[in-house]
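Below you'll find the structure I mean.
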Amino acid sequence: MTAMLHIDGLWKSFAGFVATRDVSFELLAGETHAIIGPNGAGKTTFFNLITGHLRPDKGSVSFEGRDLVDLPPQKIVRLGIARSFQRINIYPRLTVFENVQVALIAHEGQQWNLFRPGRSLHRQGTQELLELVGLAPEALETAGELSYGKQKQLELAIALASQPRLLLLDEPTAGMSPQETGETIASVRDIVKARGLTLLFTEHDMSVVFGIAERISVLHHGEIIASGAPDAVRNDPEVKRVYLGEHGHV
Amino acid sequence: MKYSALLVAAGVLSAGTAFAQQAPIKIGAMYPLTGGGAVYGVPAMAGHQLAVEELNAKGGIMGRKIESIERDDKMNPSAASSTMKELITKDKADIIVGGLSSAVGLAMSEVSKQEKVVYISTIPKTIQMTTDKLHKYVFRTASNTDLEGDTMAMLAGKNKLGKICHLQLDYAYGNDLEAGILKALPKYAPDAKVVLTLKPKLGATDFNPFIPQVMAAGCDGVLSGLWGPHFVSWVKQAAPLGFFNKIKWISGGEIGSHEIAGELKAEYPDNVISNTYELWYTANDPSHAAFQAKLAKKLGTQETPQWAVLGYIGVMYTAAAMEKAKSTDPDKVAEALEGLTIGTPVGKLTIDAKTHQANIGQFWGPMVKKPDRAYRMMEPAEYIQPK
Amino acid sequence: MPQRRHLIASAIIVLLLALVPLAGSRYAVDLTTEVMIYALFALSLNVLIGFTGNISFGHAAYFAIGGYACAILLTTYGWPLALALPAAVVLAGLVAAVVGYFCVRLTQIYFAMLTLAFAMLVWGVAFKWKEVTGGDDGFTGIKMPAMIAHHVGYFYFTLIVVAAGIAALWVICHSAFGLTLVAIRENSQRAGFIGVDTRHMRWAAFTVAGTFGGLAGALFGMYHRGMYIENAFWTESAQVLIMVLLGGIYSFIGPIIGAAVLHLLQTFTNQYTPYWPTVLGLILLVIVMVLPDGLIGLARRVKARRGRS
Amino acid sequence: MSDLKVDGIHTAYGLSQVLFGVSLEVQAGECIALIGRNGVGKTTTMRSIMGLTPPRQGHVMWKGQDIARLGPHRICRLGIGFVPEDRRIFPELSVWENLDIARRTGAGGRTTWSEEQVFALFPDLAEIRDRRGGVLSGGQQQMLTIARTLMGNPELLLLDEPSEGLAPLIVELLQQRVAELKATGLSIVLAEQNLQFVMALADRVYILEKGEVRFTGTPADLQADERIVHQYLTV
Amino acid sequence: MTLTMFTLNAFYGLALAMNMFIIASGLNLIFGVLRVINFAHGMFYMFGAYITFTVAKTWGAPFFVGVLAAAVALGLIAFVVERLLLRHLYDKEHLMQLLFTFALVLLMSDAAKMIWGTDQYSVGYPPGMGGAVNLGFVMLPQYQLFLCVVGPLIAVAMWFVVDRTRWGRVVRAATQDREMLASLGVNVPMVYAAVFTIGSALAGVGGALAAPRIALVPGMDATIINECFIIVIIGGLGNMWGSFLGALAFGFVVQFGTVLAPNWQDVLPYVLMLVVLIIRPWGLLGRPETGH
């Protein structure tokens, strides 16, 4: 497998606080990769650097050989990277159906079409995506009124609508009940497999992480302190130390 | 005494029965009643109401009661245009009187032309109304900028102003008045020279950018059209510098009125010669005292504002024209108005048949201190009426 | 099929409006004409507010440009209406495009203040360019083509133009473009991350709003046979903003209702009292305290409650 | 009778429910610890007690009074102090100003903590008293946050993840300071991921998972049960 | 322009700036803490002037008693408005707050008409301030000199209160983290009410201090509010020294601009704002709004 995403020597600091410290990282095409670490370790910052929401101070990010630094988010998404957000990030006053439809319209570059009724476009594609994430029954509901878990699912559908090759999910199960967590993870795993996507995600719930990740990287104080197969990471003394306290013993 | 009172009562009674039989005559009145224009619009409307009450007490017009329909023109031309149309089409007003700002006056004139209903412009002074934009149905009982300018030029000559600073507000009235003065200046003061012309904006409260320039220009006098609050603010800011010690201020814009003098009191400066439509303390006509007494009673103050007389005259002309035409038909009323002469509290007025402009004059004179008064009065007050 | 239901309802409304002159009340004809023009004006602004989430304090500028341009082309240059009207609308749109280019770089209150500044500049030009616009005397005596000089003729002309304008706005607002605008309003960051260039889209919305505002202005000028600098003043922008908010920004027809209600209320209140500001002030208080979605929101809530019980 | 008694609280942020019936108790002078991985509801429990995210169901009893519906400033004035996890120093205010705005006589006239005493506890802060809050290091911010809350003379301290993101040396120092605080008789609710920190300070521990309390006991109980540690605390 | 004229214009520009700063600083304070854009601020200014008229002229009290009365009355009005109505709107959209303050403008304009009628009024200069100081080459009006002193005094007083008092620290903390402040036992809603009260009282003082220099007429609120917005926006929203700088820019641009390009005087403030916003989108001392 070749590296799909290539990150080299990435730095980012905010007013003296270093959030990302010399991170180098490779993501292989087709793999499912988890980024874990305690709160404040810099996971979300790391995502924002990849997707163009933040500009790194130093270092490079390239996707399939293309440099991403300095590209605005909307250009990056067009290259085939989609993401979901840690906080719910949908269009609350639109229907579930429209939430996904807009994403498909944007993906097809039809947002400049002033005459074709928006609602008639990509009905089938939208329907398929909603079925994929299990939201078809709620298609006509207002997105803001869905349950939390379903809003998360909707966000996944929006991300998938741009036909990404790389999917970034920021804490896909945060705030979900255990049952919702299970369902969500099962569906993410199926979708990623079925579509042959590369998946990079952050997560706190360790059952989720070890349930689907093929590789895991541990971020701590803005640095990657371990990276590798789940079992290797689980047994890494440094990782244990980080998770149980600086002295690492009970 | 008792007998005459009885007669009046009988008259009212008989008029009352006549009212019941015939539909009233409807006069639509529009003045600004909110915002900045209300300073003038509210007293003008009071004068209007006074006239209507008076006429109704005497039996109305042609024995028909007058119904006055009063509206706020909001100093907004398009709002005024809509309101005037409404008065005509919905309320079936027979005639429209009022207006204050030039733009509103012109907008109302436009509606009057379109709808073929007579409009008597009682305050707007823009010269265009009775020149370029004159039409069959518009008449003016207010002064206009040419008449005012003519008088001001005459006063400039009379006061032997050699170097003149010209001060006008930068909008229609100011520009028109400037033109009116410049037209007349060679006639009255051939040697006078305008050394500086400045135009503060309408609504300005800060005249600091202008005061030093006028003082530095070395003129003998200022010809000004700064009215109402503009004049007050100018005085407030210029007087501390001794502005009025050296410079004579000859002004249109009715700042010789009691409203201004009574408000500024001791702060009203020296060397001001100005105009007013009406003076509660001076009269040029016997009917004036009666008018003033009634107005004072209506407003609950002895010292009455000048704008009321304009609202009053508008209604009086309406009544006279309809009586003369023996009809409320706009065409006939318009014809009747042409050349019509009536008596008003400020004397006999005639509307010119060609220009539709009444030969209304104004009181002009210097504002002087009076030992028994807290405020300045115009003395001598000369009523200058155009020929 | 909701689409067909809407079409039929719209057709019925247009037909009913077409019957207004038959009732024989000149006043009703005038009032309806005014309401229709304001409805189009308010709708055009809502493209920016309701659909894109940008508040403009200067929408009167485009209204005035459309109005003045149409009036001047008809009167000063003697163009036929068929040329003057489109030219005026295009001009309003062009100015909106230029102004919008600068404004959409900012958001929220800064955006609003910049629109205000540009609008006051337009007002200043209308004021100072006396030879062309008539300055603060206003531009009166607009030459009207004989066909629409009569008030009934003008009523039908307005009905047709406004209906066409509203239809066009309906199509635009419900197009792929319109739906994407709503996405920007709802969540501009997310919209960026489905590949939408939000700034360009907002710019386009600004231009569309200005264009249709210009159309409303052109109709307004011809109706009054005059344009005045007050039509470009910020108070006019505030008025149309209130219409939009009163009706409700989150529905297409909200602003139409807001325009009708506010204009009629203003007209009728004015007939009884000069204390119109108090009435409007109290209405606004009610909206703010209890009706944040405007009248349409209220109607929806009432409907929802009925549906439940 | 316990000073603080949290009874079956359910708390949600909008649609997202975080706590599903959490109960706990704190006796006077006791230190209890809430432990569990990120996102299990430790912070939300504290916010619910403080009135920042009022629970939708359940009660928070403080000395016999139900405070679940009171505003945070009322709760503070009743003697509960909150040291948030993200510290929330006022960045534009100096260290001294940060302390000054929190100055308050405690409930029942407590005046244990004055500026001098706070500086005595954290001498480092005295040296940087004029520095802007926004430029402090993580350790300094953490000291300041605790010091700031002490200025209000609380009887109960809610201490949310004080060791997060700090260097080991600083954590050790902090642990000492908290122990000193406890010795003054202050009750403490401590949320932590650093087990060592917890073991040194807590009288009892509550393990949270997905918004529910899954284990209650003494540190010794926890130490005796490797299984629990692995299930709830490690990767 | 001669030296005399230049000096005089510079002085007048400063005097204008200071009068505007007093008014705008209140608007800015309210925005900085409450994030509310108060359209009624101009109306508060007008009420301040009218109240001074009533107290100082109708009742015959000394001018500065009138100024004090204006400050107290406006503070009181603002406090009641905040406690009864405004406080329910902080969590709602900005548009709703905007509409609310606009409703206040309408209601208060009619209230002013009912209380004071539609006459124009004026207030005399306080004793000893109606003349001018002769510096030889130039005469400076005393009252404007007084304004040039009062403006900076108010700026310094505000700086002192905000920077050097405990209450000021609390206010600054409230702009940074409302929730944390409440957790420290501060009654944040009362801080908000106090800020709204003080900001509005400043508008009252601004109106009171303007009263001797200008005619008081209905509608005098309309331009002042736009000008205050311009000052606050070009200075940077919420930044006190920004407003001070904005007021200076405004004062000098308007004064010199009107002298040099009188044809543009109507739109000068807007042109100033346009230029500033295009070059520095968040004002002279402003910072980009976070979250965008």
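The chains carry the letters A, B, C, D and E, assigned in the order they are written, with residues numbered from 1 in each.
The definition used in the following text is that a residue touches a chain if its C-beta (ideal position, glycine included) is under 8 Å from a C-beta of that chain, and two chains touch if they have at least 3 such contacts.
Owing to the predicted nature of the structure, the values given are computational and were not obtained by experimental measurement.
Chain pair with the larger contact count among B-C and B-E is B-E, by C-beta pairs in contact. Ranking all chains by how far their C-alpha centres lie from the centre of chain D, first place goes to B.
Look at the CA centroids: the one farthest from the centroid of chain A belongs to B. Mean C-alpha position of chain C lies 33 Å from that of chain E. Chain A and chain B have CA centres that are 75 Å apart.
Chain geometry summary: the mean Cα position of chain C and that of chain D are 55 Å apart. Taken residue by residue, chain E touches two or more other chains at 109-110, 113, 222, 263, 266, whereas all remaining positions touch fewer. Counting partners per residue, chain B has 33-34 as the residues that reach two or more other chains. Chain pairs that touch, as defined above: A-C, A-D, B-C, B-E, C-E, D-E.
Every residue of chain B that touches chain E in the complex is listed here, in rising order: 33-39, 41-42, 170, 198-201, 203-206, 208-210, 212-213, 216, 228-233, 236-237, 239-242, 259-260, 263-264, 266-267. The touching residues of chain C, counted against chain B in their complex, run 25-27, 30-31, 34, 135-138, 140-141, 220, 224-226, 228-231, 267, 270-271, 274, 276-277.
Of all the residues in chain A, the ones that touch chain C in their complex are 51, 53, 72-74, 77-78, 82-83, 85, 89-94, 98, 101-103, 105-107, 110-119, 121, 158, 161-162.
Here chain B touches chain C in the complex through residues 33-34, 71-72, 76-78, 81-83, 85-86, 89-90, 102-103, 106-107, 109-111, 114, 126, 128, 133, 171-172, 175, 202, going by the rule given at the top. Across the complex, chain D meets chain A through its residues 13-18, 37-39, 85-86, 134-135, 138, 161, 163-165, 168, 171, 193-197, 199, 210, 222-223, 226, 229, 233-235.
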